[in-house]
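Pasting a structure here, questions to come.
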Amino acid sequence: MKELLLISGLGVLSLFAGLFNLRKGFLVLVIIGLAANIGLSIADWGSNEVVYGMMQLDNFALSFNIVFSFLSILWFIAAREYFELDNNFSDHYALVLFSLCGGLVLVSFTNMVMLFLGIEILSIPMFVLVGSHKTKLSSNEAAFKYFLLGAFATAFLLFGITLIYGSTGSFNNAAIAAYLSNHPLPPMAFVGMLMMMTAMAFKVSAAPFHFWAPDVYQGAPTTITTFMATVVKTVAFAAFFRLFKTTFVSMEQSYQIAFAIIATFTLLIANITASIQTNVKRMLAYSSISHAGFMMIALLCMRSHTEGTLLFYTLVYSISSLGAFTILDIVSKNTDGREDLDGFKGLLRRNRTLAGILAFAMLSMSGIPPLAGFMAKYMVFVAAVNNGYLWVAVVGIIASLIAVYYYFKVIIAMFGNESEYPAFKLNPVQTFVIFVTAIGMIALSIFPGAIIGLI
Amino acid sequence: MEQLVKLIPLFPLISFAIIGLLNRRLTKKHTAIFACIGVLLSFVDSLLIFISQSSFYHPVEVTIFDWIKAGNFDASFAFLLDPLSSIFLLVITGVGFLIHIFSVGYMKDDDGFRRFFAYLNLFIFFMLVLVLGNNFVVMFIGWEGVGFCSFMLIGFWFKDQANNDAAKKAFVINRIGDLGFLIAMCLVFYHFGTLNYTTLFKPGFLSGFSIPTSTLTIITVCLFVGAMGKSAQIPLYTWLPDAMAGPTPVSALIHAATMVTAGIYMVARTNIMFNMTPASLEFVAIIGAATALLGASIGMFQNDIKKVLAYSTVSQLGLMFLALGLGAYTAAVFHVVTHAFFKALLFLGSGSVIHSMSGEQDIRKMGGLKKHMPITYFTFLVGTVAIAGIPPLAGFFSKDQILAEAFAKNQVLFVIGMLVSLMTAFYMFRLLYLTFHGRFRGTHDQEHHLHESPATMTVPLVILSVFAVIAGFIGFPHALGHKLGIENWFDHYLQPVLGSTTSHMSLQTELTLMGVTTVLIFIVVGIARYIYLTKNRVPEEDKVAKTGLKKFIYNKFYVDEFYAAVITRPIDKMSEFLRSIIDHRVIDGLVRTIGKTTVKGGQTLKYIQSGNINGYAIAFVVALILFLSIFIF
Amino acid sequence: MLTLLLILIPLISSILLFGFGKKAARPMAIAFSLIELITALIVLQLLKTGQAGLFELNLPWINGLGIRFHIGLDGISMLMILLTTLLMPLIVYASFNKNYNNFHTLYAFMFLMQSSIIGSFAAMDGFLFYLFWEIALIPIYFICLMWGGENRQRITFKFFLYTLFGSLFMLLALIYVYLHTPDRSFDIQALYKAGRALSVVEQGFIMSGLFLAFAIKMPIFPFHTWQPETYNVAPTPGVMMLGGIMSKMATYGMIRWVLPMVPQGIAEYGHILIVISVISILYASFISIVQKDFKYLIAYSSIAHMGLIAAGIVASNSQSLQGSLMEMLSHGINTVGLFFVYDIIFNRTGTSEMKKLGGIRGIDSGFAFMFFIIVLSVVALPFTNGFVGEFLLILGLFQNSPIAASFAGLSIVLGVVYMFRSFQAMMLGETNAITGHLAKLTRQEKITLYIIVILIISMGVYPKPILDITESSIQTLLVGINK
Amino acid sequence: MMQSISGIPLNYYIYLSAAMFCIGALGVMIRRNAIILFMCIELMLNAVNLLMVAFSQYLGDNNAQVFVFFIMAVAAAEVAVGLAILIMIYRNANTSDTEVLNQLKW
Amino acid sequence: MSISQYVFWFLSFVALICALMVVFSKNPVYSVLYLILTFFAIAGHYVLLNAQFLAAVHIIVYAGAIMVLFLYVIMMLNLNKETEPVKKPTIKFISVIAIGMLMLTLTASFKGAETTLSAGSTAGIGTVEALGKALFNEFLLPFEVSSILFLSAMVGSVYLSKKNLQ
């Protein structure tokens, strides 16, 4: 409860900050607040606090809470310019913080109502923020697509919830799980489960419900794309996992098939399509979809307690892509807004640090040891083989090979000699962020136990 | 004793090292001294051993160091000294020394002087290792080493790619033989678990294994393949004539006296195995006979003085293998010894001729050299008589012994052998007459600096000719020997190693044999004399078209062309095909296609992402339907 | 402990070079490599006297996944480490006649590579081995990418993807075995036990999974197509690392991770691997015969040799294993030598097409002679290191399958054909416009070649010390296999 | 006869709302006018609401009807945001036809 | 066949027809009007299901608020012209097929739904009192949380629709 109050309070506060225009200090305040949130979650560790029977702050919730709070701290720092340049920064702060509230709800819900509300609270600010380049049509388009399809998916989610309710007579996850495990499974429940699954798959942008993602990611301001690709995705996956773990355990056989299909689909489609992208931003969007595929494998193997794996994967992936997107942002700012590969040509010559760390990020995402991305993928593969999904693992391997292809296109471009743009310097904040991500990528690969051990 | 044995190969090695390391800092004189001293010392050494051994006999084993040791395989670098090897030692070092002396004169104004002697010494070293080795692997060291040296020496004048080709050809063909040798070694180790002579050839060791004869046959045949390569037998003989591209002393030492007899040494060394497999013995005999015949017949029509000698070497080696095949190991070795002397002599003679003809080798451009270079002529004559097998010179005895064996064991082979020796007599005297008798046919400036070679070259000739005369008596025929009370020392000496295989025949058969051969040979010589001296016919130029059999033989039975057509070119074609088609197109193509298809797939898949919002909705619903239908129906 | 030291020294030197090497890249590099070499020699001595505790290091790492930081040494790995540490100074010194930009970065990458390669040789934990195996790939990729030649991007990427492809299947195989260990552990002994417990068919699959990775890395037919191009495009130090050292990771992996883990699999399906290897011997040899470019010739000849080594390893008896190890060693040295010769010629003439060259022996006979020694070692003439290896290999292979051995033996004939052909084309004959005024060898080049030649001869004449290093380990290995 | 309230079986409601839901979905799939798309979404939500209420009645459970409140609330909020986005688009593109929103693809 | 059933059929008929008209009518304004009709029909259904309070809320929220908002926007941006060209028949076709399939699968899955239902007492369902209790006891947290939702929606829509005043 405290956490929720804290973050929402921060949000409200930011609105007032807008009134009194304390632009400078507020970032610090937000960071402190989020740090406090982390602190609170650590304090609550192990105490499975139940909030009005609608949320439960168990370790799963808390750990994911810690992770996305940490990520958003990094994000806030990286996004400083985005906030400062825009004249109504307080709205942005408020919206982001509100969506974080949604995130908190999503990682800890124990009731369908909360799932529904959480998703909405998470999404609606996002709809707005995606469109926050008001004058750019592409940004508007992204917002519109995201909004409309989001609402569409929500409708399906709701229909699913209704059907589940209709067949089990409750909105409470535990009650539903109990009912389903004690009674013969009604076909209506199946349909409900599938509809909810599709809706969630849409939220985590898993194929074939991923179509919105590339467009939205590309259209949105890079900063927001970063937020969506890291925090929102993490939260969505946590919710997805939580939903099926707590509610549909007894339908395992059925949804595992579906998950396997979704995972393989996602891996193949996303990677193959990504391999021909020339716009780096869009390519990274596809890559985030493909990572969704890997995380789907973690979900698929829910039976063997892959919470740790999922947590680790989301963290690693988010850190890598946070670094990647941030660097992309910096580069495109320094190449008068280019986002395609040519903007990256000869980056090594122009700024060694940037090139080096982007190379790190790329290697990590493509799962090359010793970087953390490899560890993450490795755990996923182990889980898959362990649950007898060898073929899924093989698909994963092929996918990650294709992935190597497009990630390395960036590296090759960077390490090439020809470059049309002048060298440039980094400001300390950016340097700080990307170095943190780099350290994260290495540290996580050396001490993965620290994260997996959590849950 | 051990120390002495160790020293034998050491001297040439040392002198090689000295010459090799400080070659430019060494004057030609010193080089020559070092080189000759090295060989001389090891000659003296082996002579001492020989003397101390001839009185009492026991084989000396010397292990120098553990060489290759892996699991139950153990090949130490060890020497074995027994009569067989000591005979070879003497021949190698002795003849080697003389040829060194000769080379000093022959090569004196060649700027590769030091290189030359370095290689010669190295060769002597490897040759000694070959004959001294106490197991197959050590023998293999020498075996390959001499091949390497012969490569270096054939291609001595490396600026001319023809020589290099000849050298490469020699090495490659030798390698084919070596492969046989290698496989034989593997087989031996596979079946008997050791490659050590003293263990293997311990009486009753091999028979103790009860290995099927077929296996042994394979082993022996493989060994013989190795011998084919080294000793230029059909089908691997073609390298030897080309090898004449090297300096003449090289031809004398390597391609007449020593290296090419390694094959005979090997077969003699493993005679116990061969004795257990009559089939392969027969095979050896046939190959030998065929080679002898072939070599001789080609030799009759050659016009290059060295080529003639080369083919004669081939045929003589054939004779030796014939003897081996008949199980007359002693006879074979005996012929090796005598042949070493007179063939070396002949080659050196030809060398001195070429030297004074300033590089001319075509006998059609020679003639009447007798008066210009008497010593050479005389020694050459001795050599010719010896090889022709006219008593009482060395060749007569050895060849006679072989023929006798053949006569006793297999009449067909005897006839062939006889034929070969007659042909030999013919072409040798043809050579002699064309070169030294008649009038000079060369150019004028050639004529007026015709000269007798310097002492360094003539002295070895003389010494060798002496040996060519007397060497025969060490192996005096048995029956006759009994009569005259001269025992066949050679047989007796080698008996412990090669066993007494000589079939004893009655006195008169032996005498009649000798008589008949001698008479026939004289007739042939007469014919030769008539053709080339009385009517002094000269072989026509290459331009003149030859016909029928003559043409066929003159072109060496087109064997090289045949090999080129059947082996070399097809391999090149196949390789090119593999390279350009299989490797680039098929295999790499496959790899590339995978990459291409991925990108293609991307190109097509991207159109699903139509950017149209209704499309996305449709996709959403359709996917949902699919999932539903999976579970409902 | 000492093993860790062996891994750490290059790592630290790499970091130092990267950080502060800009001024004095060359001296620092050679110094570091020599330090490493000396350390390795000391370790070797200690290993002979043999207090096992000194070398074993077994720390917990990722408890949840049964992964431990477990490194150790035995004769085999020691020999491999020796090869690495021996070649490293040679390669560094050989590169002194070069002048790349950011030389210190290049060296840093090389040392990083050395470190990880040594790690993979020392790893006693499956996961750790895989980790090192992969890490080694990154520096060489960047070396080729940043200092490579014509259209390096495509080629080096192909190389990277190709090897990654293989190693991912190795990973899958390892995971499979790992999941069959009772207490979920990657420890080598546990993996051995689990692997041997598997059914023959499973073992076959595991074997092929691992073999795929190793075959690509070696490489052998038909997984070799990345190699000639990569060798051609890579800078000389890189290609020396690649052909001299890195390919040995694969063969070592065969010995350490395939033979003892899936013995029945080898016994059942090993002959297939042998056939593949022998095919690759002949295939590569034939292709080498018609190669026009010397660098490609080296590439293909090394494919042939790796094929022979692979066949010998699969045959897995003490002769063939000893042979394979010896051959790895000599192949490493010879490859470095050949590439150095290539480098010398290319630097001077700007071409490595053999037809265009010739007559160099007439200009610099010493150079020609040393080159010829290397050639002889490649064609396995007795008293060169090449012979010991190949002889033992063929001998051992023969114990396993005579036919295969006989075909493999053909390589000694074909080898002569193509090596001598190239030697003749480049060194002999008359000089021409290109080679006409060729500069003689510099001191540095001479010394490098001297070292190589001395190594070749000494190892060929007296290989016993080297064979002794591995003998006992191989015996224990074989005992394990035949159990 | 618990299954039907005043003689109307539950299935009827299920089919009815399913049909409405599908019609709404169809609208989203075929229409291009943004406004109408929004309306179709509303249709779908209403279908859900109807079903909720029906279930709540048949199960005799209030929760569903409370849930309907939330749905309504969210619907309202969504519409607000959606229309805001629409207005924004209209400012830039001067149309509510979704064909213009086709810059981002492939 | 009781009266309520007649009412049910009538309302359902109206609702579906109007829904279809919403989808297929060219002019947005008509769509809005049809939608309102649909809402009324649905409200009728609520009444039929004796959830009168909900019916009232429904009318107020949808017809009262949302639809007005729609109309307002349409008028403001005067979208009330029939600009939309007919969609590609293929798309239409696919969509209709898809929807048919969806309908089919759904109905197929609903077979025997009622048997699964164990009905409780219908007494006092949907009364204001009951709903109020539920809302402020067990659904308190969602109620509070939805305030965050509204806040963000408000902020967002204001932020988006106001002109940038740089």
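Order as written gives the chain letters A, B, C, D and E; numbering starts at 1 within each chain.
The working rule: contacts are C-beta pairs under 8 Å (C-beta built on N, C-alpha and C of every residue); 3 or more make two chains touch, one makes a residue touch a chain.
From a predicted model like this one, the values you see are computed outputs, not experimental measurements.
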item	value
Chains touching both subunit C and subunit D, listed by label	A, B
Greatest separation from subunit B - chain, by CA centre	E
Nearest-to-centre chain - CA centroid comparison	C
Most extensive contact between chains (C-beta pair count)	D-E
Centre-of-Cα separation between subunit E and subunit A, whole angstrom	31
Computed distance of Cα centres, subunit C from subunit A, in Å	43
Averaged-CA centre spacing for the pair subunit C and subunit B, given as whole angstrom	38
For subunit D paired with subunit E, centre-to-centre distance based on mean C-alpha positions, whole Å	5
Junction residues of subunit E - those touching two or more other chains	87, 91, 95, 98-99, 102, 105-106, 108-110, 113, 117-118, 138-139, 142, 146, 149, 153, 156-158, 160
Residues of subunit D engaged with two or more neighbouring chains	14, 24-25, 28-32, 37-38, 59, 61, 63, 70, 74, 77-78, 81, 84-86, 88, 91, 98, 101-105
Sequence positions of subunit B contacting 2 or more other chains	595, 606, 609, 611, 613-615, 617-618, 621, 624, 628, 632
Chains touching one another, given as label pairs in label order	A-B, A-C, A-D, A-E, B-C, B-D, B-E, D-E
Contact set on subunit B toward subunit A in their complex	595, 598-599, 601-603, 605-606, 608-609, 611, 613, 615-617, 619-620, 623-624, 627-628, 630-632
In the complex, subunit E residues that touch subunit B	87, 91, 94-95, 98-99, 101-102, 105-106, 108-109
Parts of subunit C lying in touch with subunit B, wherever the complex brings them together	158, 162, 221-222, 225-226, 283, 286-287, 289-291, 317-319, 322-323, 359, 361-362, 365, 376, 381-383, 387-388, 391-392, 394-396, 398-399, 402, 405-406, 409-410, 412-413, 416-417, 420-421, 424, 427-430, 462-464, 467, 471, 474-475
Residue numbers on subunit A that touch subunit C, as the complex places them	308, 363, 368-370, 374, 378-379, 381-382, 385-386, 390, 393-394, 397, 400-401, 404-405, 408, 411-412, 415-416, 448-449, 452-453
Contacting residues of subunit A [partner subunit D, same complex]	112-113, 116-117, 120, 124, 127-128, 131, 134-138, 140-145, 147-148, 151-152, 154-155, 158-159, 161-163, 165-166, 169-171, 214-216, 218-219
